[in-house]
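In the two complexes that follow, chain A is the common piece, with chain B as its partner first and chain C second.
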Partner chain A sequence: MIELSQARTQRLLAVHGWSGTVLGLFLYVVVLTGTIAVLAHEIGAWSAGGQTLDEPFSVPVDTLIREQVESSNEAWREEIGIFGSVSGNIRIWMHEHATNPESGNTEDYGRLVEINPVSGDVVNDVEGWSGEVFGNNPISALEDFIVELHVNLHLPHPWGLYATGILGFIMLLAAVTGLLIHRHLIREAFLAPRLKGALLTKRDRHVLAGTWSLVFAFVLAFTGAFFSFAISLALPVVAATGFDGDQEAVIETLLGVPVPEDTTAVELANLDEMAATVKGEAYSGVAGYSVSNWGRADARVVVNTYPAEGSMSGKQYSFEGATGHFLGEKALVGTAPSVGGAALALMGPLHFGSFAGLLSKFVWVALGIAMTYVTYTGMQLWVQRRSDEPLWRGFGHWLMIVGIGTPFALTLCAHTFFAALGGGGDAYAWTAWGFVGASAFALLLGVILQKRTVAAENLLIWGLAFLLATLPLTRLLSGGTGWPSAIQNGDLVIVGMDVLMLVSAFFVALWRSSILRKLVTQAGLPIVERSTAT
Partner chain B sequence: MSRGHSKQIPLSLAKQQSDELSEAKRQRRRLISRWILAGPLAFIVSVLIMASMPMWMPMGAGNVNHLAFSVLLFPAIWVAIVMYVLLEENMTRAAVLLVILFFANGIPVVLGVMKMLAAMQAGGAT
Partner chain C sequence: MIDLLYCLLGWMVSGLCLLLIARRDPKRFRAHSLPVPTDQRYRGLLFIASLFPGVAIAMTGSVSAVIIWAGGWTVLGWLLALKRPKKESASV
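Let's look at the complex of A and B:
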């Protein structure tokens, strides 16, 4: 039990409420999209209609990669990233560092090739600046849209990162103040339902969900703020004070000491043989390769692996490119294993929930839903306590419009995305327009039904349930893979995502349908009281 | 009439009203100070602490501890400062502490930035 004076508790309560309310709507959008983005990889595989291979590097790939690299511009052999795509193909990003005349900044320019590792066919081949080539794979349009909304709120760089960084700080503050003001943490974690029609009150539900997701909220807010500010603020600041403003020098220090230059032409050793060497180590499957100075005496190859059983992050193994000589395990950050490097390497798995495959992802999604609920009900409580004031009543109306309008718009943009994929339209544009159109519809509904909040809420909820239930159908009608062939090919993620949509539609409908609620109650299952708009 | 009425207010009541007014003013001043200290100043001080950390923190075995911890601890430093200001009753003490942190970290940072600018100018001249 945490003891605080009454004045301090009141102060913390005010900060907890105001911090969650002033920027709460934006925080809600970031938390909701973050919860969905945990499944970004699965959304990608679902969009792609199946994967060529679950692990694209489980077959010999050296010849395929060598063919592409050695037929490309020689300057692009400076840095080559080789990794798997959402479709289970291999992507080769051959590039050099050059000054972009448009931005005036040093950026990566080169060619991105996607190859089917089984047939060897080139699936996609584009040339340009990194920002352009990575934003043009139609299959990734939905996944990219959701991730971009979560990371940048679709604001230009670096303003989007500043915005989400500040939201991360707000969430961190809400979590810490929440921890201190809820003095009976253990008791609140096992809160007994108050007998109000055998249902929990709205405040109790907020406290219950908040208590269980408190540690999670702290971890997410901390790692989220770290990711937003690390690139946009910390890197330039640390570079300015410690490295005479040289950001490249900071990155080189983080990645390890560069190899002394030797431009003598030497053929690169076999990549498959390097993968075979790695198999002798704590092997968990090759996730990709990074090659610097391909075809030169100073070439270095780093083999990246997936996280091994019981490990939070993958490993890196270093090889001399010219000889294929195994140099041993490479620290993920820095020149040797260190506490700082290990702590930095933990940030990703902790934020993305990717450290134990689908199991940890499902836990992260469940806790993410709890966090979304806490953010939303926190604002509802704040408004409800001030419902005498017209301004706060109005805010309550728009809170509902944004609260239900956001998942409504995200689901509609998934429909327009699949329609564009099937119809050959620009998937990026159609996804964005689907979201904008649905948001505009929700806002218009909010204006038209300004005095009838419950009616607007009902329309949006039923609309959301309908869109979720019909999404698998839209996917199928757009030429997506059917369940029989998905099961036959072992692409269970397609079936899983479709079922997830149908189950979500059922729960959204359950929230509003008195008939469904009666059926569930008769079956003896517990049911949560539906909220009414404030 | 009103002047006559005000003359009839007992001295003790007038003193009480004046005390209440000055107490309200004091409360308001404290609130504004707390907002400034926990808002912009806490953010600036935490950025300065992050910026100065690579200058004094040991590099460690991988030569990255000084960078990693300065970047990693930035959110923790910020929330620690904000929580301290929120829980501190004595605003003068909080202000003094933050000003000390501001200068203790700000001076090395300014010197580092000046060194960077000098290096950039020298690079431009050659």
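Let's look at the complex of A and C:
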């Protein structure tokens, strides 16, 4: 290990502790919601009560899409994004770039249509600015709320991205300083937490989880900070310096296909035939299309695919829109393959863990749990070391309230979301109010039981277990798909998510219940001993 | 599906190696005031062997399976180390 003088180690320890503690509660919320957001797509499908098709582009879609585009405003054929929805339907976003009078910025304005790829029925049809139409599908309210909390902490743009970007750097700093100050990293890699006093137990728990998750802490913190600052800082800076502030122009230059302008009217070639051409390449299923200048001689179509087995990211294939002529694989950035493009292609899969379906997602959830645990136990350790000081003892009390109150509030907002879906209420508002209400309840509990931390902790833990266990019931009572229909339709994600809630409720209860722990031990199952020290 | 197969096989081998290291790790037993296992051979080899499935998977060319295996390896190591050692396992 790296040998440091005692004074330097002390300084680094102070940096490690203070950086993690000052903004630690926010970091905890971001890491916890990030762990849940790994399953955002599954949460969406669970909310929607199943999917029409797991891969909406696995059936012929050209006629359905053409019908919608060619009956729309011609100006919106400038840019068309076609992608799958959480319900397994096809979403067509036909839009143009225009100046939003409210913000004064160049934004996308157009029509978003959602169609069932099997029946051809229009499920949803809205017109407006991109910010309005994409935050408007009640089924996505829960998924959107969790993702927004993780990405922006629900702060206004771009302040939310700045905040989460800084938190990403703090996590990175904590990982680097943690590596430097922990001299016996390898020697203590198998040291189970000692139950010889609260300080030692908390120290061992934090160090053990931190040691094993160190490499992925670097990866997730770096990629998270990259996404926050690339959108909030790098894009506006590049736009301001080279594109007169036009961010759309930057994106088009970096990601688009440069084509000489030709406004001659020509019918767009068949999209299904383009998908069939792509099948000859490293094919793994079409994830969507993007079409520029639909119905013109200079039209270009890019077909996006899912990652093939064994690879980390999907590919993009380019076609001439007018003739359907295959132009080959399109570089992610610019016009030719580059190291930057390859690195950028890895950022998303490494951060979201979505490159190999549920297998990679489960591993990423496990890593997220480890990192949430490291963040929480790190703050617990910091407070325990200063437990003689009333201020830090108070912080310890509020740390517990936020630590358990956040999952408690997230679970309650899932209840209010399903209730709103079933009752025809505003799902976005009810989800938000559910979270705010539960958070307010946890804070009130914290105030009332300020001198009785253990009692408050017990109430929140049992409340969380109850909310998790009853969530499948709330979903069913609000008109959600039942297990027999879900199994019959092959929507196993519904059953899987319900079971996940019940299993989570069991483990939360196991954490507190001596009777359950005894039963598990008697059944011969392994169990991690609970420290008697607090 | 192939990724899943590679990872499951890899985790089984890695998990076994990590378990054997944990069952003879001196610091682990000493810290819990338990007799330290006498057999300290092959600990380094076992650690390298726990990484071997990652190398084997990499040789198949499946980048995604290597990354998933590596993520699972860290979680496995953490969970195996989290369980307190028992007196009887010290003799193994």
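Odds and ends about this structure:
Just so it is clear, the second predicted complex is superposed on the first by the 503 of 534 C-alpha atoms of A that agree within 3 Å, B and C clash if a C-alpha of one lies under 4 Å from a C-alpha of the other, contacts with A are read in each partner's own complex, and residues count from 1 in each chain.
Rule of thumb we're sticking to: a contact is a pair of C-beta atoms (placed from the backbone, for glycine too) under 8 Å apart; a residue touches a chain by one contact, two chains touch by 3 or more.
All figures in this text were calculated on a predicted structure; none of them were measured in a lab.
In the superposed pair of complexes, A:L359 makes contact with chain C only, with no contact to chain B. Touch criterion not met for A:P60: it reaches neither chain B nor chain C. By the touch criterion defined above, A:L367 reaches chain C but does not reach chain B.
In the superposition on chain A, contact of A:G310 is made with chain C only, not with chain B. In the superposed model, A:V215 makes contact with chain C only, not with chain B. In the superposition on chain A, A:L350 contacts chain C only, with no contact to chain B.
In the superposition on chain A, no contact is made by A:G135 with either chain B or chain C. Those residues of chain B whose C-beta lies close enough to touch chain A in the complex are 47, 50-52, 54-55, 60-72, 74-76, 78-79, 82-83, 86-87, 89, 108-109, 112-113, 115-116, 119-120.
Touching chain C in their complex are the following residues of chain A: 184, 187-195, 208-209, 212-213, 215-216, 307, 309-312, 349-350, 353, 355-356, 359-360, 363-364, 366-367, 370, 526, 528-529. Contact residues on chain C toward chain A in their complex (touch as defined above): 1-4, 7, 21-22, 25, 27-28, 31-32, 60-65, 67-68, 70-72, 74-75, 77-78, 80-85. Across the complex, chain B is touched by residues 4, 7-8, 11-12, 15, 168-169, 172-173, 176-177, 221-222, 225-226, 229-230, 233-235, 237-238, 240-242, 244-245, 250, 253-254, 331, 333-341, 343-344, 347 of chain A.
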